[in-house]
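There's a structure below that I have some questions on.
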Amino acid sequence: MNTNQPEGLAHEIAVPKKEDYHGHPNYLIIYISLLILFAITVFASLIPNPLVVFIIVFVISIVKGSMVLLYFMHLKWEPVLIWILLGLALMTLLFLTLGLYPDIVSVKPYLVTKP
Amino acid sequence: MKITRNKWQNFIKNNLTMNTHKKHGFWHRYFFSLDHKDIGFQYMLTIFVMVSIGGFFAYVFRMHLAYPEMEVPLFGLVTNKDYNMLITNHGLIMMMWLALGMLLAVAGNYLIPIMIGTDDMAFPKLNKLSYWFFLISVILMISSFFMKRGGFGGGWTMYPPLSVGDFGYNTAYTSFKDRFFTANTFVLLAITFEFIALLMGGINFFVTTLNKRAKGMTLTKMPMIVWMINIASVLFMFSVGPLIAGAFMLLLDINAGTGFYDVYRGGDPLLWEHLFWFFGHPEVYVILLPPLGIIAEIISTNSRKPLYGYKFILNLTLIAAILSMMVWAHHQFVSGIDPRAATIFSIFTIIISLPFAGIILAYIATLWNGDLKINLPMKWAIGAITLFTLIGGFTGLYLGASVFDIYAHDTSFVVAHFHYTLFPTVIFGSFAAFYYWFGKFSGRELNKFWGNVHFWLTFIFFNGFAFPLFLLGLAGQHRRIADYRQFEFLMQDPLPLYRQIATISAVILILSQFIFIFNFFWSLKRGKKVTSDNPWESNTLEWQTASPPPHGNFAVYPEVHHGPYEYNHPDREDDFLPQNKK
Amino acid sequence: MRIFPENASSYGADVDFIFWLITGVITVASIIVIFLILYPILTKNKSRTKEQRYQQGKGFQKLKLIYLGIAILAIADFYFLFEEGPIWRNIEETLPEKEVHVIVMGRQWLWEFTYPGPDGKLYTADDVKTINKLYLPVNKNIHMDLQAYDVIHSVFIPHARFKQDVLPGRNITKWVKMTKTGTYPLTCAEICGIGHANMKAEIVVLLNEDYKKQMAKLYKK
Amino acid sequence: MNTKITWREIPQARLAMWALIAGEFAIFGGLIVMYTLNRLKYESWGEMAQHTNVIAGTINTLVLLTSSFFVVKAHEAALHKNKEKVKMWIWLTLICALLFLGIKSYEYYHEILHGFTLPGTQLLAEGKHVETMYWSFYYTMTGLHGLHVIGGALALFFVMRHATKTEKDYHRIEVAGLYWHMVDIVWIFLFPLIYLIH
């Protein structure tokens, strides 16, 4: 881009020594195990109790999501900074959930007039 | 056909590439430039426009409050509807466009690349795009004043049942077009665009800081302000997420007839309050941190002494940034949230005062034993610390203590408190930065005499404007009331006088900013040329290049050997030691 | 000249006490901070050597003093919390025994007050209503069901140090006990549209007998 | 396998993409938190969830999971600068994206036919007030996700075209792929929460 740039580029260090430094898991195995977990999710939804379904489904979603994150997105090989970044996002959501919970779930709406 | 395409290609080649040392026309400099300094300047000019609008609004409603019978010069008679519109848009513009824009976008764009010793942002085109988004948001915001039903009048917090409707004008909406072309929609769109602009900007700052630092510049050798802007950007990025979702939902409520905030449809207006303040409180720290960085630079340089406890300040800032996400409900103590939750939030609110006390004490400790140079930027910086700590910070304790907040919430006490926190940080901080970096930015000097006049007028009349509001608030004056004459207890003897003192001071405060504006633009064209590239004898990298810096910032890329605050090093003859000097 | 409006409720004095407590502490703290800022500016630290300046900035010898400052502020902070906790619980979290029960409803842009009818119960057909005028007996625990009809309003009684937002979709019960007879303003503290500024009501606090007479009058209407 | 790298060596495009992904998590996460809490509050939403087309949703999940697999394969091929394979895998991904959007619009079409619209006018007329918000959330979340699918697909397409034409910037395929996986993860959470809990 900048042809007039002087010698000794500041951002030379930004270019990684190796373009691909992370490992490559066997993607097919990950893919198949995702499918198996997915099948479990679908069958779990046949349980009549919605709360149980919710918990099972949510836990499996977390497992699946983290599998995609770790292997497909190669988070496993990324430096700790990325983990911190994602951790902060999750922390944000945790605070939000805790703050919202008492004011959404346990409140029964009181309506002045009939809708 | 072929010719036009070539023309277009030439246009792109000439205007959208970075490869240039030659002179450029107006469009290039103010619209298409990819240089971070030009983009910073574009942001600055855009924000000046927004601030003048916000300041004008403040003038109009302050005049109306003190002299309710009078026709306000330049505006006319203020009706209740006008009044609501004026206060709302004053708040929105000052919080969203001035405070966030000036401190994240301008300071970040101008300072980050040059202070870490690189040529430009990591993604110059993304940077440009973020400015265009910002410009779109400004255009949307300004056009919202001219909607058929008037400007947005639902308070800058935009609490839903009111902001979904028409603020009580009792006009029936008949069609989608009718609903879409309302101030509500436009303001929400404007805010969403601005958030996206700042998100892109924030990612850019973050990547630039991590990946493009000069050789030898480790994380702890970065100037404080680079840290502060980055922490602020990341904090902004996370806290704003849920609000973007919430704003999208509010837009649907207005335009598509959904019921996310409609109690009759299972929604809850309190949800918006939570989302808004979940962003709104971290935003206060997003605004506060960059000025703290600016102040750190100025105080350390002008005390000729290392910044006291660099890592200590840094750790406290990180703690404060995380804590700031857990305190949002102190804006809602009496808004109908669970009172037990309020206790928890009260505790966190009080705790968050501790890291900031530590930071301020470290700044004061920097002054001690220093070889103080009391020049203009230093005056602004010390003024900012003094007002922010003594009045802004300490009055926060009243409001953080949930019991007194029952009384003070939504009164002028709160208004005074947040003007005392935001004005010293945002305005004093920005002015400190302007007076400090103007020589670098333009290659010319600001007039010192008028600078001093500007400082003292601003300092005195800011206090004259904001302090009476405390007394008014304690007397029970509630906010956002167009006409206090109908409340007898608010018309008892000294109170109208306080209101008039506040108004007259506010008007002088606004007028004295013209001194700065004239000084700024006059000096930009005609000011005395700077005699030295490093007039303050500072260590950081931006002072080690030409003024104004050339395209690409440095003739030779610097290599960093020292921390940014090595003043009065005992082994050196000079009292400063530039970062790139061996 | 008084800073606060005259106090007319049982817990108003507690709220004022917190104000004066914090004011006392921050006055002392402000004097210290002003000294800390002004001393170096006025003396300009002329006598320090180069070495001293550098070492003091680098060496953190006085960092202990900053920790001390933080610790003092922390103690003061937790002292506030300790003092205000019981008051907060008293005002916001507990409801004393009910003696009078009214509904306060905010709507654009007036206050609607509902009293129990002759049967002494609210939410029945014989309830009576007044607009923008609330009659209350003195020295009784009054439970207020706070509701909003359309948008968010906020009930603010400055003389009672009472404030609570009212939201559509919620019925918030709070209490107040007026200790002095007289007429006090009740205002709306949350922006609620173009009539927000005009939304005011009066609270008429009456002696017990007068209150009963007033209620009887209302029933007749 | 060289596992330990310092964060200074992470390429800036990838770093920026991770930052964007973290930001997007905050946006979608906020929506999901709000939906989930409301879901816990209103049991009658389960009844509404039965009206969603679970089979279509299941197929869509399969499609997205598969496309995620295709994208990593494309990334693997891009590392070897294998132009043909990159083209093939990305085109397969794009077909998946189109399939997803097609099935999604089929679902929307049928739901709107049955009166489950964004504002839920028909449900309101039936007196089901709270239930309209389920559909509001449904359309908001899947719609926002759909926009991200379109955006991700366009990004993949242009990046692929640029890389295969100019034979450079292959690393961009990984970056656009990261975004695509993010879209996939969001759907992994959306699908069970919206469709499966009755």
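For clarity, chains are labelled A, B, C and D in written order, and residue numbers in each chain start from 1.
In this section, a contact is a pair of C-beta atoms (placed from the backbone, for glycine too) under 8 Å apart; a residue touches a chain by one contact, two chains touch by 3 or more.
Not measured: the values here are computed from a predicted model.
Taking B-D and A-D together, the chain pair joined by more C-beta contacts is A-D.
Rounded to whole angstrom units, the spacing between the C-alpha centres of chain B and chain D is 35. Computed from the mean C-alpha positions, the centre of chain A lies at a distance of 12 Å from the centre of chain D. In whole angstrom, the spacing between the mean C-alpha positions of chain C and chain D is 48. Centroid to centroid, with C-alpha atoms defining each point, chain B and chain C lie 30 Å apart.
Counting partners per residue, chain C has 168-170 as the residues that reach two or more other chains.
The multi-chain contact residues of chain B, meaning those touching 2 or more other chains, are 122, 210-212, 238-239, 241-242, 263-266, 268, 270-271, 340.
Residue positions of chain D touching 2 or more other chains: 7-8, 10, 12, 15, 19, 22-23, 25-26, 29-30, 33-34, 38, 129.
Of all possible chain pairs, the ones that touch are A-B, A-C, A-D, B-C, B-D. Note for the complex: chain D touches chain A at residues 1-3, 5-12, 15, 18-19, 21-23, 25-26, 29-30, 33-34, 37-38, 40-41, 43, 46, 54, 58, 61-62, 65-66, 68-69, 71-73, 76, 79, 129, 171, 178, 181-182, 184-185, 188-189, 192-193, 195-198. Per the touch definition, chain D reaches chain B in the complex via residues 7-8, 10, 12, 15-16, 19-20, 22-31, 33-34, 38, 42, 118-121, 124, 129-133, 136-137, 140, 144. For chain C in complex with chain A, the touching residues are 105, 147-149, 168-171.
Those residues of chain B whose C-beta lies close enough to touch chain A in the complex are 17-19, 21, 117-120, 122, 210-215, 234, 238-239, 241-242, 263-266, 268, 270-271, 274, 278, 322, 325-326, 328-329, 337-338, 340-341, 551-552, 554-559. Within the complex formed with chain B, the chain C residues making contact are 1, 3-5, 14-15, 18-19, 22, 25-26, 29-30, 33-34, 36-37, 39-41, 44-45, 48, 50-58, 60, 62-63, 65-66, 69-70, 73-74, 77-78, 80-81, 84-85, 87-89, 91-93, 108-109, 150-152, 154, 156, 158-159, 161-170, 172, 185, 187-198, 200.
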